[in-house]
Every structure is written in structure tokens, then in C-alpha cells.
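In the two complexes that follow, chain A is the common piece, with chain B as its partner first and chain C second.
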Partner chain A sequence: MKTIGIPRGLFFYYYYPLWRTFFEKLGVQVVVSAPTNRRIVDQGLLTAVNEACLPVKVYYGHVLDLCHRGVDYIFAPRLVSVEYRGYICPKFMGIPDMLRAQIPDLPPLIDIKVDLSRDERQLERDVFELGKLFGSDRYKVKAAWAAGQQELEEFRRIAAVGFPLNQAVTIWERAGEAPMASGDKTRLNPGGENIRTGGEASEATPRSSDLTIGVLGHGYSLCDAMVSMGLVRKLQELGARVVTAEMLKTDEVEAYASTLPKRMFWTLGKKNIGSALWMDEEPAVDGIIYLACFGCGPDSLVGEIIARRVVNTPFMMMIVDEHTGEAGVVTRLEAFYDMVARRKNAV
Partner chain B sequence: MKYYLGVDIGSVSSNFVLTNPRGEVVEAIYLRTMGNPVQAVRQGLSMVMKKYPETTIRGIGTTGSARRLAAVIMGADVVKNEITAHAVAASKFYPEVRTVVEIGGQDSKIIILRDGIVVDFAMNTVCAAGTGSFLDQQAMRLDIPIEHFGRQALKSKQLVRIAGRCGVFAESDMIHKQQMGYPVEDIIAGLCEALARNFLNNVAKGKDIQEPVVFQGGVAANMGMKQAFEKLLGKPVMVPQQYHVMGALGAAILASESITHRKGSRFKGCGFVLEGDFTTRSFECNGCPNMCEVVTIKRDEEVLAYWGDRCRRWEASLTEQRPALAW
Partner chain C sequence: MKVTFPHMGRAWIAIKSLFEGLNLEVVVPPPCSRRTLELGVRHSPEFACLPLKINVGNFIEGLKAGADTIVTAGGWGPCRFGYYAQVQRDILTDLGYQFDLIVLEAPDSRLSELANQVRALGVNISYAGMLRAIYRAWEKLKAVDELEESLRYCLPRVTRPAEAEKVLHEGLQAIEAAVTAREIRQALKMGRSRLEGLPYNREPVARIGLVGEIYTLLEPSSNCEIERKLGYLGAEVHRAVSMPQWINDHLLGGILRVDSSQEALECASPYLNDWVGGHGRETVGYSVKYGREGFDGVIQIGPLTCMPEIVAQAVLGQVSQKEGIPVMTMYFDEQTGEAGVMTRLEAFLDMVQRRKQFAAAR
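Right after this comes the complex of A and B.
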């Protein structure tokens, strides 16, 4: 059986269930790189181009991790667009080329182009071509693709219940291992309920304040605890309920995003702006934090637009990069949490 | 008489404030951290203890970038971030304050308050240019004691424009101007304005700066900076008398607030702090591929704290053995 490696980075957190199901239905064994650890980050930093942002560098580390595992192929799609008239950051377009240029002895890359900015015909053709590589006919490929889409929807349903994408991935995987009725999956506690408190609790206002904090940013930064320095977990430990873009209704997010004078053409940027504006008007959201990676081109614009348009709710922009010292992140999070808590109690 | 001790261990200075239950400062000590926070804690505490016996301390609060370390060594009742501590202290002196500008050794921040509540804040991001340690460095290069830096700036009649965007550029700009023969006070005044401009353009960008404006932190000692802020903002800027120890004062006030809800301080006593040998070591945990760098704080052979393990296994091992340390 052939093996295909999927790097645990970038759009992994948005599309993994689709990819995995599709390849498995074609009879290919899927191998996923380890959750990001220090070694993966270090290897990525050593290999990647200097100008790339941290998540891209970490992606290199995941590809190298898969190389060491000796997989037959590595799945590194050339992502241009995942929706009509919406685009992904240009670095994603160049990912397969950047990998080939910098990693010698790379296993064959499956760098299928995903460009849905106009229509789906080209992707369909490429998916059939891909199926041929693994000896599948059109009908089998079609069935595999449909099964993948179905799992993707299931995964999005899990996320919408109230789980950050990384937790949703874990739940989706566990659900696949031990089949249960789809109703059961959503019966699990929404994110944060079973997160341990205590520890540094004395550093912040007690849990009784019961705050809801909206956390925005690119999913692949937020979901990777090494990149985000455990932002979501730290907030949950302080006692906050965390709301992410995936927990909001897509059409409402779209509606808020469309209030901009000009259409935002980055898919994730649009999602973040729409979510931020939605959260800004939602009284249940007490504060909004935007996590950006140092050197992110789209965020230099998107973050700025959000900072200017969020007017009702306390907002904080946090920029992270390669540093491992957590003191700066902790100080800012605690200060923000304190501010929101004291403000709420004063009202 | 009972007192509350606030301790602010920052990157450059370590400050100690003793307040009475009304929150009035009875003792303020400003020391240089000199890269050794443990030593700073000991020195400050022994200075306090000379005048005020141990039993008069009713509670301790810590803040600053070494707040957790200081809290472990002394047994603090409150550990608070600098933003909250500074805001609390500023409100104590100026209940009406609406803007706090705080510039310390490595951090600079702006805090916006309305009706005594922090409603917005910002801190410098990835760059520490324009904070106290940069001024320190420049004072040393020009061979002017940092205490006289501000006075020099006030002497200037016609300041020189210095690029403030980045510390490296600012320094080379200063050297160019100096080699062209500009008087040193004009260069210093130019530097102060460049730093104030940089602060307002970066840290305070988009913030609604309303009066009263309070300027505190070590850099507030520099009259040149105060003047530069007043000029650029077109508003009077107030510097509290205890500007250099405001973080510690805030920590002391927060300690007094927390003690009222609970009985007894966690203060471990003078002997504990002054006599033992405190060491910090780190090791790479091999428990999983995360390879966390775990920091161990020890007093002689006794482990006081583990930090940095993402899974908390080290931290938890400690609290399970000795529940008394579960803070």
C-alpha cells in the first residue's frame, strides 16, 4: 500500500478531513506529521526562506518530519483559491515550488492546484488525474471525493458547536475510530469546559467573572500551540470562554464582511473581518483578540481594518514570531483579561 | 502599624514601596536590577526590614517582568501584570486620570482609563527601541549621567531632528549629527522628541488621548521627555512624585485589596528570603517531542517552582507533594 504524508500545518486545520477521507477511499495510507514540537519548528526555521512567516516555516518542519518517516508521496497542494472570487495568501501558491527548491531528496510532491476563484472544472479534472495515479477509475474517484466532502461537512459541524479547529480535528478523528451516532459528537462539552483551572489562577480575576473572548486570526496560527504560544488555552485557563470564527454562522459572517466599502478578496481576511464586526455588535462577547504573525502581508491590512472598525468591544492585536519567551504574551493576555473583567464589573 | 509591600522587579530597575492601609507611600526604594532579580529582591527587602520589622508586613504584591520569580522567593499574596498595577497606582494619585503613558526599561505602554476603569491599552510590540535601556545606552555613549540627561535636553534652544523609528537608525543619526558639530544638548533634545514621536506613532497609534495625561515609569525622570510629550500632544503632562515606583505602588495597593478578602499573608519571612541560596536552572524535558525548556527555581536543595512545561507535569508534581505551595 502506498503512503501519502500530510503536513500538519497551514490549511491542514481547515481541510484535513476531506483530504484524509479522499486518499483513504482511494486505498492510500495517510500519514500525518507529528503535532508541532520544538524540533519541527527548529528544522523549519533552518530550512525555510527567511522572509516567510512563522506558520510557513513551521510547515517546512512538518514536511521534513514526513521525509524522515519515509512516505511515498507528500501532499502539498498549490492553494490559490477555495471559493468563488476569494483568494488565499500568495505564499500558499508557491509552497510546492519553495519546498522543492529548498529540500533535497524530497519524495514526489502531490501539488494539485486548487483554484475555485472562477469555477470547479479545473479542480475536478485534476482530482481525476490524481485518482489515476493511484489506479482508480472515475467512479471510484467521484465516490471518494463525495465521501471526503461529507466528512468535511461533519467536521465543520463539530467546529461550529464550539471547538477551535485543532480540537475539532481531534474529535473528528476519534469519532472515525469509534463510530458513534452523529448526535453523540456534539454532545461533548464545548471547548474549555474540561480545561483545568488553578495553576496561575491567582494571577487573574477569578473565574466567576465568566468572560467571553473572541479570538481571531489565521486558523493555522491559532490552532498551532507552538505558533500561538497556547493563546486559546491560556485564555481558557484564565477562565474565559473562547469564541472563534468557526463557531459563528457563515452567512452572518459574510453579511458583516460585505459591509466594507470594497470587497475583501482574501478568504481568511474576509472571514476575520466579518467575524470581528459580528463580535463587536454581539453583547455576549466581552473582548476580541487578533493574533497575527510577524511579517504577515494580509494581516498588515486586515488587522488594521479590524482595529479601526471594532468600536464597541475592547480589542487587542497580538503579534507573535519565533521567540520562545512567553512572558510578553502572558503579560498582555492577563492585562487584557483584567481590563475586560474590571470593565464588565464596573458596568 | 501594618504595612503592605509592593515589589516591581523590572528589566532595569527593581522598586519597593511600602504603603499604610490608606494606600499612602511610607517608603519607596529604587534599585537597579543589574541583571540579578534575586539579589535585587534581597537587597530591597533587607532595606525595608531595617526600618520596618517583619511582623508589620500584612501583605505583599509583585509585578514587573520578574513578578513570578519574586512571588516565589518571597511568598506573595498577589501577582499582577504591569498594566493593571500601573493603572491602579495612577488612579490613586489622580482619580480623574484618562491617559497613562508609562515608559520603563524594556516596555512602553499607554493605558486609557475612563471613570477609573482601564478601557484600552497598548504595549510596544516586537521592538524595544525608545525605552529606558536605549536612553541609558545613549547616555553612556555620550558620557552624561542618565540623571542629567533631561536637564541637558531642556537647555536646548534649537533641537536637531533625529530619526526615532528604530534604535539602530536613531543612534547612527545621532552620531552623524554629532560629527557635524551640533551641540550635545540639541542632539539630546532631538532624541527625546524622536522617542516621544515614535511612542505616539506606534504604541499610542489610534488611541484617544484625553486629559489628564500622566507620565510615569523610569523614563519620566527625564524632563526632556516630558517636555517633548507636552509639545507633541499640545496638552499638559503630569509626572507623579513617585513616578519611578508606580508599578510597585500599584502592587502594594492590589495586595491590600486582596488581603481584606482573606486572612494572613503568604509572606515567607525575612529569613527565608535573605538566608537561603536561590538558584535558577533549566533543563530540556525529554518526556515528549515538545522538549520544553523547564525552569527550576530552588532554594538550597528545595525546589520552589517549575515553569515552562507545557503539559504541567513538573509543576503538578510539586503541588501534589506540598499543597502549601499551590498558588
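Right after this comes the complex of A and C.
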């Protein structure tokens, strides 16, 4: 059986169930790179150009990880656009060429172009071409694609319940093996019971307040603990309930995003701005944190737009790169958390 | 209504002419200076790309000089440029400025859309009047571009480069003052023949292709005057992108007989096989083309964090290897220092020359 490697980075966290199901239905064995670890990060840093953003460097690391595993192909699509008139980022558009130029002895890349900015015809064509490569006829390809879409919807339902995308991926994968254990749900929002020990000044705000913090940013940064420095988990450990963009209703997010004077053409930017504006007006959300990667083009503007428009809720922009220290992140999170808690208690 | 607009190299000469032709009162922002940059940097998002910041500086200086309307361009992605104007409006409004902002959105395909936007801008202007204004601006744009090209040829050859620059400036003034197409051509001819008449005493030490992001290529204040520095160091510079070419390719669909980037784009494959926004593909294509034409080196420039240029940079290593041409990448932001730029240029030219001598000796 042929094997295809899927790097655990970038849009993996948004589309993995679709890709995996599709390839498996075509009779291809799917291999996923290891969860991001130090070695993957280091290899990515060594290989990618220094000016690239951390998620792209980490993606390189995942591709290298797959190379070492000796897969027959690597799936690295050219993602131009995943919705009508929307784009992701220029870097996504060049990724297959970047990999080919910089990684020697790369297995053949499956670099189909996904461009839904105008219509779906070209993607359809490419998907059929891809099927042919693995010896499948149109009928089989169609069925495989439909099955993939179905799994994608299932995955999105899981995320909407309140699981961050990385947890949703795990749950979805396990669901494929056994029915989902109901105990899984307790992994969400463990906050509330955390009792901190140590010599806190007496006037310090109690940590056990149940704050709700909106966490925004790109899924591939938030879900990757090596990139985000475990931001979501750390907030949960502080006792916060975490809300992400995936937990909000898509149409409401869209409606908020459409209040901008000009249509936002970045898919993730639109989602984040819409979510931020929604959260800003939602009394249950006590604070908003935006995680951005140093050097990210879209976020340099999206962050600014949000910062100027979020007026009711405390907002913090957190910028990370490969040099960011864990301790610094913790300090900033705690400071923000305390500030939000004080503000809430004052009201 | 007094309109102002952002600077991009010497495009202001044509833009001013266009707006005046549309019966608008024009406030040309002061030339980009340290102060422009400082103003822009102070008020713009820290991690925005440099052109956005310099533009903010231009707008503030233009408004302070009495303008009440800003005309700028937009687009629909995938890169940041398409959202510049929105962020800039927020910044200026929050600073308390009162102004109208008119964004000429690059049309997806139809030129008539843009023509209508331009006409709507004008005051009491007939269709014919608008066409005349466009024609004159176009002639000026071309003349400025051609005169600059002559300077790039002269600078590494003439005995006194400063004199050549003086001639260029006088030529530009004459182009700006010209009213009819004939006068514009005359001004160009005059400027050129004066440049050609200057005493020459040397041959260029190297032929260098300058590629990269369009604003950085065209606006000297955003690239530490790299073209000028290279010229003074004795390099003959060829710049991949020019305004007339950009307009021809992007707005007119390449119908005019001016330079087009089509051929270069074809050279980008197999290194970069698709469009990546901005000028990433042109950067790769021209680097390949310069390599095949026997240039001595390529320098890629762009603002720090420029996404399409980072994509291009990632494949340029391979281009350099396979096409046998040295390539150097330089990014610019508000912290880039003159001295550092100079050192890198000197080192690159040294390397390129040694490589040439080595090849000749074999």
C-alpha cells in the first residue's frame, strides 16, 4: 500500500479529517507527523528562511519528520483560498515551491491547488487528477470526497461543542476507533477548583474566580503547544473558561465581521475580527487575548483593527516567536488574568 | 476639495498631472524624509510593512499642508496592501484629522470600472477631458521612467555622478512643467542628450538586477537609496519593475507595447509555479531572466516581513544555484541603517567581481 504523509501543521488543524478520510478511501495509508516537539521545531528553524514566521518554520519541521519516516508522498497542498473571494496568506500559496527549493531528497509532493476564490471547478478537476494518481476512477473519488466532507462536518460539530481544534482532532480520531467516551467532556474548562498555594499578598484577587477568556488567533498557532506555549492550557490552569472562534456560531461571526467598512478578504482575519466583535459585546466574556506570530502579515493589520474596535472588554495582543520564553508568557497571562479579575470584581 | 496622495518614487509627477487634469486642487505631500518616516512609524501598527507606515507619514504631512481629501489605491487580497487604506483611515481618524478618503479599488478585470472611479473623482469633467488627463499623465509617467533609466546607465560611467543627478533633476522639473505631449517628449529628449553628453571615464564594475517588492523598488526613501548607492559604487543597475510596466500588466492587461513582465513570469517556473500575491512571482522570474542574460548578480529587496518576498526568497537559493547567479536578499524597515546597507552592498559587489575575474581566468 502506498503511504502519504500529512504534516501536522498549518491547515492540518482545520482540514485533517477531510484529507485523512479522502486518502484512506482511495486506499492510501495516511501517516501523520509527530506532534510538534523540540526536534521538529529545530529542524524547521534550520531549513526555512530566517524571515519566515514560526508556523511556516514548524511546518518545514513536520515535512522533514515525514521525510525521515520514508513515506511515498507528502501532502502539501497549495492553499490559495477556501471560500468565495477569501484568501489565507501568500505564504500558503507558495508553500510547495518553498519546500521543494529547500528540502533536498523530498518525496514527491501532492500539491493540489485549492482555490475556491471564484468557484470549485478547478479544485474538482485537481481532486479527480489526484484520484487517478492512486488508480481510482471518478466514481470512487467522488465517494471518497463525500465521505471526507462528512467527517469534516462531524469534526466541526465536535469543535463547536467547545473543544479546541487540537482536542477535537484527537476526539475525532478516537471516535473512528470507538464511540466517544462521555468522560471526554470533562477535559473542557477544568477551571474553578484551582487553589493556588504560596505566599500571595492578601489583597491579591482570588484565582478561583470563574472568568471567561476569549482566545483568538490562527488555529495552527493556538493548537500547537510549541508555538502557543500552551496558552489555552495555561489559561485553563489559571481557572479560566476558554472560548475560541470555533465555538461561536458561524453566521453570527460573519454578521459582526460584515460591520467593517470594507469586506475583509482574509478568511482567518474575518473569523477573528467577527469573533472579537462578538465577544466584545457579550457580557459573559471577560477578556480577549489574541495570539499572533511575530512577522505575521495579516495579523499585523487584523490585530490593529481589533485593538481599535474592541472597546468594552480588556484586550491583549500576545506575539510569540521561536525566542519567546515560557516564563514571559506565564507572567503576561497572569497579569492579564489578574487585571480582568479585578475589573470584574469591581463591577 | 484639495486632494493629496501617497508618494511612490517619482510617480507624483504623473499623479499630480492627472489630478490637475481632472480639475482638482492638488497638494503634493512633501518629499519623503526622516520626519515622514518618524510620523508614520509613530502612528502605525508596529508590525505593519514599511510602505503602510511611510504612507501614513505622507498623509499626515499632506493634511497638515492643507489637503482635505486623500486619494489612494486598494485591492482585494491576498496581501496586506488591499487593506492598507482601511487601517490608515482608522489611524488618521483617531488622531483627529478630518478628511475624505477615496480608495481607487483595483478592478478585477474591467478597466472601465477604474475609468469610472477616476471620472467620479473629477470636477465637471467630460469623458474626453478625462481621457486627455490620463493620456498626459501616462506620457509623463513614461518620460520619468525613461529618464531614470538613462541615469542608471550613466551613473556608473560618468566622471562626476553628482553632475548626472543634477541633470536628472532638471530634466524631471522640465517634464513636470511640460503641458503638451510634445513638450513632455522634448523635455525627455533634452534630459537624455544632456546625460549622454557628460564626460565618461569608466566602465561599470558589474551588472546587477534589482528585483523585489514594487514600492521598495520605486521609493528610494524606503530602500536607503540602494539604486543610487549601487550606481556610485560603479554598478549598472537594471530594475525589474517600473510604473508604466505595472500599469500595462495589471490595469491594461498587457495591451500596450511598453515593457511587460510576461516573459519574466514564464521564467519563474519551475521554481515558483503559481502566483503568490505582491511581486513574488516577478521577483523569481526576473532573477532567472537576469541569470540567463549573463548579469553578474541579483539583489532582492522588500520591506521586512513582506510575505510574497519571503516566499520568493525561499526559492531564490535554488535559482542562484541552478542558474549560476549570485543573489542577495535585503529587507528594510525603520531600523535599517545606512552604514550597514553600504557594507553589504560593497561586500556583494566585491564577491561578484572576484567571481567574474575567476571565471575569466579559467
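FYI, the second predicted complex is superposed on the first by the 316 of 347 C-alpha atoms of A that agree within 3 Å, B and C clash if a C-alpha of one lies under 4 Å from a C-alpha of the other, contacts with A are read in each partner's own complex, and residues count from 1 in each chain.
In the analysis below, a residue touches a chain if its C-beta (ideal position, glycine included) is under 8 Å from a C-beta of that chain, and two chains touch if they have at least 3 such contacts.
Only a predicted model underlies this, so the values are computations on that prediction, with no experimental measurement involved.
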Superposed partners chain B and chain C on chain A - clash or fit: fit
Partner chain in contact with A:Ala34 - chain B first, chain C second, else both or neither: first
First, second, both or neither for A:Arg308, with chain B first and chain C second: both
First (chain B), second (chain C), both or neither touched by A:Gly297: second
Chain C, chain A and chain B - angle at the middle CA centre, rounded to the nearest 10 degrees: 80
Minimum C-alpha separation between chain B and chain C after superposing on chain A, in Å: 5
Set intersection of chain A contacts, chain C complex versus chain B complex: 294, 308, 319
Chain B - residues contacting chain A, complex: 65, 78-84, 115-123, 125-126, 206, 288-293, 308, 310, 312, 315, 326-327
Complex interface listing, chain A residues touching chain C: 48-49, 51-52, 78, 80-81, 85-91, 93-94, 96-98, 100-102, 113, 260-262, 264-266, 294-301, 303-305, 308, 319
Residue ranges of chain C in contact with chain A within the complex: 45-49, 74, 76-80, 82-83, 85-87, 89-90, 94, 271-278, 280, 304-308, 310-315, 317-318, 331
Partner chain B, residues of chain A touching it in the complex: 34, 37-40, 196, 198-199, 202-203, 225, 230, 294, 307-308, 314, 316, 319, 321, 324, 326-328, 330-332, 334-336, 338-339, 342-343, 346
